[in-house]
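Each chain gets a letter, A, B and C, in the order it is written, and its residues are counted from 1.
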Amino acid sequence: MSKHTFTSKTFLSIVLLLIYIPIISLVVFSFNDSKSLIQFTGFSLEWYVKLFESGTIMDAVFTTILVAIISTIASTLIGTLGAISLTKNKKWLREWILNFNNIPIVNPEIVTAISFFVLFGAFQIERGLMTMIIAHIAFSVPYVVITVYPKVRQMDADLISASSDLGATPLQTLWHVILPQIRIGIIAGAAIAFTMSFDDFVISYFASSGSAVKNISIYLYTLKRGIEPTINALSALIILVIGMKITFDYFKTQKNLMEEEE
Amino acid sequence: MKKIVLLIVLSLTLSVLASCEASDSIKLFMPTEYIDESLLEAFEEEYGIQVELIVFDSNEIAIPQIEDQSNAYDLVIPSDYAIEELAVKGLLDTIDWDRIDMTKDLLDPAITQLWPDCGCDPADFNVLNYSVPYFFGNVGILYDSTRVTLTQLEALGWDALNDIDEDVMFYDSTRDMIMVALKALYAGEVDINNPTDAQLAAAEAWLADTTRVSNITYASDEIFDAMLVSGSTQYAMAVSYSGDAVYLMSENDDLGYYVPASGSNVWLDAFVIPKNAENKDAAYDFINFMTSFDNMLLNTEYVGYTAPRTDVISDVITNETYPESSYRMTVRTNDSIFRYNTELKVKMAELWARVRAQN
Amino acid sequence: MKPFVISKPKIKTKRKWTFEGFLGVPYQAVIGFLIVIPIVLMLIYSFQSRASSQTFTLIFTLDNYLRFINEPIFVSLMAESIGLAFVATLISLLIGYPLAYIIARSNTKTKTLLILLITAPMWINMLLRTKALEQVILMTAPELIGTNVAIIIGMTYVYLPFMVLPIYTVLSKIDMSLYESASDLGANKLQTLIKVIIPLSISGVLSGIMMVFLPSATTLVVPKYLGAGRFLIGNLIENAMIAQGDFGYGSSIALLMAGLILIFLYLIKKVDKYTEGGDE
């Protein structure tokens, strides 16, 4: 059943095409058998080989993944517990905290990045892997909180009172009653934190400036020579992973919808 | 809960391990694309000391990093004027030349001519008190002879960069480009370490020239990819350091290197040991390793920059590794060296920001 | 109906409160030390002159701000960055709104696929995407690189999904029956669109505008790759902080930019509240 007019279908197709042409070109050139990024001369897998042989790129990938995992775990933990504790705060305190929470969300990334740069500089903290992780945690926590907090507010307060009335310790209540109810929010928050960390550039750049630590974005930004299709190979692999995630998401949503319709 | 705690502990351990430094190591802070990295591995094998290489794009960026005491570099390779600034600010150790194997008499006469080690006026800065030479050279125009001729360059000098309808690369470096502008406008009449405000204003106009015929891009190490392949050079002319030019000319026969008669800057990059270095003995070891005849020869062959030792220079020229015309540094009348000058530095930084903001 | 609450012994409530209090400590530490204090530091630095920051004395001065404001080249650079971002945001809106509308009106199966396709690029590293665009432009129209056109294309390309997503979210919540009722009442498709749909989707539009305008105005990457190394306001801040090492100056420019953007956001919020109130 096509609800669309011819114009809207054409419009849609053109836009999708324009969006994907650079991405397709990226993948195509990753198989180029020459160094050129503009002229396709032949098919070759050499860049994929060179990708895994390149110490610098692999270091950058490792750093990106490591920082993303650690900061996601930490920020989800801190953010979730923080969101829960917010409900118990007095209204005025809660308002203040939520306002501060929104500062990194509302500010352009470069302002947040500079604030970390200044923080580490003022306290003479050596910039490197640790500062990058700290910065990532700091900008992820607010996003976790705004994702989890609404779920916390929607919780059934009666269940919690019931739990403690039945003799559960606060810890047990937390683990068995509260967390399962907000599980969806936690997972969503973690997903957001991970994506933001994995893709981050500006904040990581300033938070680790002057050290040898680089994530994928910093590596690309500071790459001055030797721009080869190895980068395309890296992109193609990332696109592959995302493609798989999308397909998975698509079929999962289809399944959910089918179940809903039943 | 237990699983989460385990995961956290694991990740934290990983991160601590990742940021832990090897037991014996030195942090080497130097410009990009400036060393044969296989020498770092060779040093590690010979001395058992790991070298952590951290790079910077320009002296201007490096100096705040060194001033930031939380970065404890063991060795830095800045340029002469930056060494002066760091020394004046009390950030450097003096070099104990008794611990250096390479003796000062081995240094090329051009170096001792421009940076005299007479120690005559104690108030005057002597670069060799604080540093051991690494490479030296000048600044010129790397050109593609199929797109621009030497005759054109000889006629126009530095102005060729603005006046020829071609793609031109300006080096993304405050000092060097301001120097180019000053020399273009005033040749030997200007003191690049003490230009008048009028001269600086004229230099700014030269750099920001919106009526220029050429098409300017600001870049630095991109020069390597851009000029490497004969027939597909990205620029007809590029402001270049002598060493990069020497290297690229050996890869691409179309290229030539011209230093205008109106003058250029001769610079010296040298090893310094910051006061807050953690492993100074290893630093001296590394300096001796790199300034030995064999290693310096390997390094200069790889990078293309002119080595400071006379014997190494002779070897390169005799064996025709690189052509004498561009490899050997000759000091001409209008050439000058840079000195540290606080006010000038601030003025130049602001000038540069304005020029870049206008592109 | 709430069942009557058994009053709990005081001790239990107190313990519960302290437990939750503990839970919040790491979060409050992050907010305090990693969000509030850095901004405060930035503010302090921005009011210090270069000399006093080296001697650790606190002298408040407007030097840094004046240095920036009094330099017409920098002010015009800020204006240029905002202008380019504005055009890019406008184009994103003109493309993004119809796109979101079409997708929201599709049948469920296509809807999911389409929205996933549009937002998938968001998950690919922004630098990679910008580089990819640069490569395509170099292949097809190399003389564009360095021009304002290329920069606007770049900003639009990178941030379009951020415009589509919020608008789509709002549009997809609009009850289908609304369209039917509107046409029952005699409105044609265009009238429905203008009088009913667009006002209802304003909050999504404003969200989208914010999410495209902010990063576009302050981007470091787009001018570098698509502008042939040009400076926009983001690069100027980068230059001040890293190349010049001047914390105060860099912070002052960043805060000026943030201030301008906050004013813009405040105006947007007002529009949002106005339309929300008016729809009652």
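As a convention for this text, a contact is a pair of C-beta atoms (placed from the backbone, for glycine too) under 8 Å apart; a residue touches a chain by one contact, two chains touch by 3 or more.
If you're wondering where the values come from, they're calculated on a predicted model, not measured in any experiment.
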Chain pair, most C-beta pairs within the contact cut-off: A-C
Identity of the chain that, by mean CA position, is farthest from chain C: B
Mean-CA-position distance for chain C and chain B (Å): 40
Centre distance in Å when chain A and chain C are each reduced to the mean of their C-alpha atoms: 16
Where chain B touches two or more other chains at once, by residue number: 65, 219
Residue list for chain C, restricted to those that touch at least two other chains: 242
Contacts with 2+ other chains: residues of chain A: 77, 121, 209
Contact set on chain C toward chain A in their complex: 2-3, 5-6, 8, 12, 15-17, 19-24, 26-28, 30-31, 34-39, 41-42, 45, 95, 98-99, 102-103, 105-109, 112-114, 116-118, 120-121, 123-129, 131-133, 135-136, 138-139, 157, 160, 214-215, 217-218, 220-221, 224, 234, 237-238, 241-242, 247, 250-251, 254-255, 257-258, 261-262, 265
Interfacial residue positions of chain A with respect to chain B in the complex: 66, 69-70, 73-74, 77, 120-121, 124-130, 133, 175, 209-212, 224-227
Contacting residues of chain B [partner chain C, same complex]: 58, 60-61, 63-65, 67, 172, 174, 217-219, 346, 349, 353-354, 356-359
Chain A - residues contacting chain C, complex: 1, 3-4, 8, 11-12, 15-16, 18-23, 25-26, 29, 37-38, 77-79, 81-89, 97, 100-101, 103-104, 106-111, 114-119, 121-122, 134-135, 137-138, 141-142, 145, 158, 161, 164-165, 170-171, 174, 195, 198-199, 201-202, 205-206, 209, 216-217, 220-221, 231, 234-235, 238-239, 242-243, 245-246, 249-250, 253-254, 257
Chain A partner contacts - residues on chain B that touch it in the complex: 1, 4, 7-8, 11-12, 14-15, 18-19, 32-33, 52-55, 65, 68-72, 219-222, 224-225
